[in-house]
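These notes concern the structure reproduced below.
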Amino acid sequence: MEKLTNEFLEELVTECRPYSRDGEVVKDIPGQSPADQNKLGVCMIDLNNNVYSAGDTDMRFTIQSASKIVSLMMALDDFGKDEVFQNVGMEPMGDFYNSISHLESHDVKKPFNPMVNAGAIAVSAMIKGKNLDDKFQRILKRLRQITHNNSLKINEDVYESEKLKGDRNRSLAYFMKSTGAIAHDIEESLDLYFRINSIEVTTADLAKIGAFFANGGRSLKTGEQLIPMDHINTIEAIMMTSGMYNEAGKYAVEVGFPIKSGVSGCIVGSVPGRLGIGIIGPAINKKGNSTAGGELLQRISRHLDLNIFSVIRKE
Amino acid sequence: MEKLTNEFLEELVTECRPYSRDGEVVKDIPGQSPADQNKLGVCMIDLNNNVYSAGDTDMRFTIQSASKIVSLMMALDDFGKDEVFQNVGMEPMGDFYNSISHLESHDVKKPFNPMVNAGAIAVSAMIKGKNLDDKFQRILKRLRQITHNNSLKINEDVYESEKLKGDRNRSLAYFMKSTGAIAHDIEESLDLYFRINSIEVTTADLAKIGAFFANGGRSLKTGEQLIPMDHINTIEAIMMTSGMYNEAGKYAVEVGFPIKSGVSGCIVGSVPGRLGIGIIGPAINKKGNSTAGGELLQRISRHLDLNIFSVIRKE
Amino acid sequence: MEKLTNEFLEELVTECRPYSRDGEVVKDIPGQSPADQNKLGVCMIDLNNNVYSAGDTDMRFTIQSASKIVSLMMALDDFGKDEVFQNVGMEPMGDFYNSISHLESHDVKKPFNPMVNAGAIAVSAMIKGKNLDDKFQRILKRLRQITHNNSLKINEDVYESEKLKGDRNRSLAYFMKSTGAIAHDIEESLDLYFRINSIEVTTADLAKIGAFFANGGRSLKTGEQLIPMDHINTIEAIMMTSGMYNEAGKYAVEVGFPIKSGVSGCIVGSVPGRLGIGIIGPAINKKGNSTAGGELLQRISRHLDLNIFSVIRKE
Amino acid sequence: MEKLTNEFLEELVTECRPYSRDGEVVKDIPGQSPADQNKLGVCMIDLNNNVYSAGDTDMRFTIQSASKIVSLMMALDDFGKDEVFQNVGMEPMGDFYNSISHLESHDVKKPFNPMVNAGAIAVSAMIKGKNLDDKFQRILKRLRQITHNNSLKINEDVYESEKLKGDRNRSLAYFMKSTGAIAHDIEESLDLYFRINSIEVTTADLAKIGAFFANGGRSLKTGEQLIPMDHINTIEAIMMTSGMYNEAGKYAVEVGFPIKSGVSGCIVGSVPGRLGIGIIGPAINKKGNSTAGGELLQRISRHLDLNIFSVIRKE
């Protein structure tokens, strides 16, 4: 088993960077460009607040679908497990992440889980707040608290773009409205969903979210229990079964701890009781996951024996 | 956190037995009868070979789909990960476990994973052996070694019955033959599949399989590494994402360690580095899982803090 | 073969009225009430303008999906066959009429045909006009010309209601927008679609539309060719394969000439070269077709030998 | 409107032959070869037994899926409409002709219609006879009677090949067995299905079948009513909605009379009250239809005004 150091991470980043050739940078997200094709960065933070990082850690990028774990955390905190999962399932799904067919073809018309678009829209729609702005500020406040980063904010260009090109998500939302799966105002729910996706972060921010999860929902700074551990465990289990789009099963096998990806090429990971990880590698494959980032994650897990099914570290 | 004792288990069994009312005993498995409706038994074995049990532990039942983890173990041992997963995927699936549609509707025509019928048939077809009988004897020998139970054997009545009523599985197999997903002889592959499903076990046998997995593939008696740990971890990850039919996600959340169920009402579980569990509760719900057994498993996990995402025991 | 008279129709209406017990009046269409459960009316007009009718012919009802043949006629007239069918298919579909899955699951992302909701929305979106109001007035003008009924107009209550409860259609439309199947403004396209569905008609109006089709697109009054016969034949063929939701095949067999139904319980039919039919029977079955109306249609076809596959009348 | 002569047909064949470039000859049917790529032949027979033909009319080929109308005719004659359609639907289907998903995804587990493989297998399974051979001889006898061709027989090479490569159809059949849609012996039912598909015919044989249908089920030679006209009309309606695989809708529009195709590149057509058509053009497109044959059919219909929705010939 290797020791976690900056040098060790640098070496892995160098080894994995070439895998970015197998992916492509999403074009229609403002601020992303083909020039980012070979970018790769990683930050890891353990429960003692030790920070390790390597590669392009200065990149700022939108959180995209990695925010789905944040929305779920907010909704669980606002309503508890029972009420949240009356609106969304917790089963993994074989279909593509923006699938609408599954809403039509299954007996219970609620979305499969909170990691697919339909499910995340239904979950976002629940988040408490006096109005749209208040809801978003509550989320931002919580995220700033978790990341100890008070400058965390929305990328307005990305947000405007998401709203404009959001017809597929709009279709999902209206479908759920028609079946009663969402009772809230659709345009407002979508607006909140687009805002959450457009929050700008760094790998360090993501690593802190991961470490907060790994710490069972307690602040790494103060030790205060911000979110009940049971909610954190629920989110981690769902990340494990559904966090990586249609490669969730592969990553459960090859990485073996809860992770969630976004189409900006980011990945947030959490090794319970040990550490958090943030990765950026903008070139993604057809399934929506960073190619170099995914490879990097597999090597990190293997070399540091982070797989939660492994019994080596338990000896 | 509670302490694991026979008394503790007895208490939970008493609490959970009434949940069997929500399920039904499968009628067309020989030897199963409505009289078993309220049966519930559990056996747990830790890595020091301590055995804890309660309830109807004297029941003998066929392993059914819990055998899917055994078939996968054999195939991985015979061919390695790369070759096995050329024939079957490792992604969770939203469809029902005996679904045939997924073979038709997805680009790659291989079955989603080795825990659904189509996948298990494709995996069984790979297992090495001079002939059908030799293949089956190899599996039985391995299982006897793992369970230290040399009297482990097939239930001939169940096997004959499985062959007779196997038209849905036959359909799956011929479909895979037509797309090239299986190259082997179909009737022989199905015969082996039916035999494996018809192996008769007790909760103690299942607990020993679970403990063997929890021990990373080493014999609990001799410490010998019988199966490489990497293969065990692969199987556990797949159990986590796909082991409980269309309730895999729910059980990942509510139980939080690898388990696999069968329609006889059995469940085998493995807590990495800690212990193995075998449960029988013949009354199953529409998704194929024991209702009392599933409830029991959730309480055991909660009370003994066995959830692998929990950080309590890591402190 | 019977002779077409008012008495003959009265007899059939009396025979078929009891079949309305097998259906139910759609509740959420303003102006429809349970009191209409047993209503049944029919009007038939031959190419010599002879009018035959029986039953509740004084009823006024909204045209609903029977308007899909009108929208298709307008689009064909505006753009021709090639251009229209670049935006919509002409194949029958096994799924339900408001299915969204088919838009996702097939290679070509266009809707199956102009008789399902998605297809009709795509077709309506094409209709020419300076603005929404102009488009609708063009349609109304054409329909008035065909029906010789200058008082034909929209039912404002139904229109407002359609807009309010239109989330499923909105979902379909935004989905098509996201795949490029519709390039037009979605809310405007839907508004036009809802207006067309809300036009109020009588069985006589529908019979005149049917007779106009039966006359190959020529005015029954003036003989003027208002729509090219090739367009009419195209519409009739599509009515034949897809006009009765998921009972199109049954009606092709049992009635044997082009018909199109709507959820108000109306049916419009056209026997090429012979006559047009309008039927109202508000109690519809789960597939969306009038139960008494459907039965009546079958008996009319059989007794008057209107089946186009029959060779009796050709002798 | 053109006049039907051999010269007229020769001209059209010459015009349409180049369309064979858009298709491909099915390789795994014995006796078919790439050398047949440009072959195209047509035979038309009117109700006065006048025969018109052009092109490669000397070709012998297996009837393949065009036999589905023969199986349906036999089953209707043996059991009547009600009983046959308890085992198979009559609705057109949007899925591919050998789809298995539709058997799983719809409430009623019976196949959509007798023109898709699953439906034709279910229908064949019904045909009466003391044993497999007797069943097949009954079919052959009927076909010889209709075609006045006593040398009509099976192509043994094709039959053996169909049996060998029949895994997809075997899968369909076992699936239907598992759901109860077929109660008969599967291997025997499939064997009969493969035999029927392997009957060797010429365009003249197909034209005679078409003319027999066009004549309402009466022998063209003796005038004897061999099959009730109602059964013939039923088959013709189903051909109209489902006879050309996933191009049935297109052909209803562009040809406008009942036709059925087979993967050997053959097409049989029937214009009620007028004539029968047989076409061979071995190069087929991805949907299973002869490219040159389909084009030829469209031109024949247009030039001779055979579209049953047209009102020209009714004037």
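The first chain written gets the first letter, and so on, giving A, B, C and D; residue counts start at 1 in each chain.
To be clear about the criterion, a residue touches a chain if its C-beta (ideal position, glycine included) is under 8 Å from a C-beta of that chain, and two chains touch if they have at least 3 such contacts.
The chain lineup, named per UniProt: A, B, C, D = Glutaminase.
Bear in mind that the values here come from a model prediction, so they are computed numbers and not experimental data.
The minimum number of touch steps linking chain A (Glutaminase) to chain D (Glutaminase) comes to 2.
Ranked by separation of Cα centres from chain D (Glutaminase), the top chain is A. In whole angstrom, the spacing between the mean C-alpha positions of chain A (Glutaminase) and chain B (Glutaminase) is 31. In whole angstrom, the spacing between the mean C-alpha positions of chain B (Glutaminase) and chain C (Glutaminase) is 55. Chain centres here are Cα means. That of chain B (Glutaminase) falls 48 Å from that of chain D (Glutaminase). Counting partners per residue, chain B (Glutaminase) has 105 as the residues that reach two or more other chains.
Counting only pairs that meet the touch rule, the chains in contact are A-B, A-C, B-D, C-D.
By the touch criterion stated above, chain C (Glutaminase) contacts chain A (Glutaminase) in their complex at residues 99-101, 103-105, 167-168, 170-175, 177-178, 186. Against chain D (Glutaminase), in their complex, chain C (Glutaminase) makes its touches with residues 89-95, 102, 106, 112-113, 214-216, 229, 232-234, 236-238, 240-242, 246-250, 252-253, 256, 258, 272-274, 307-312, 314-315.
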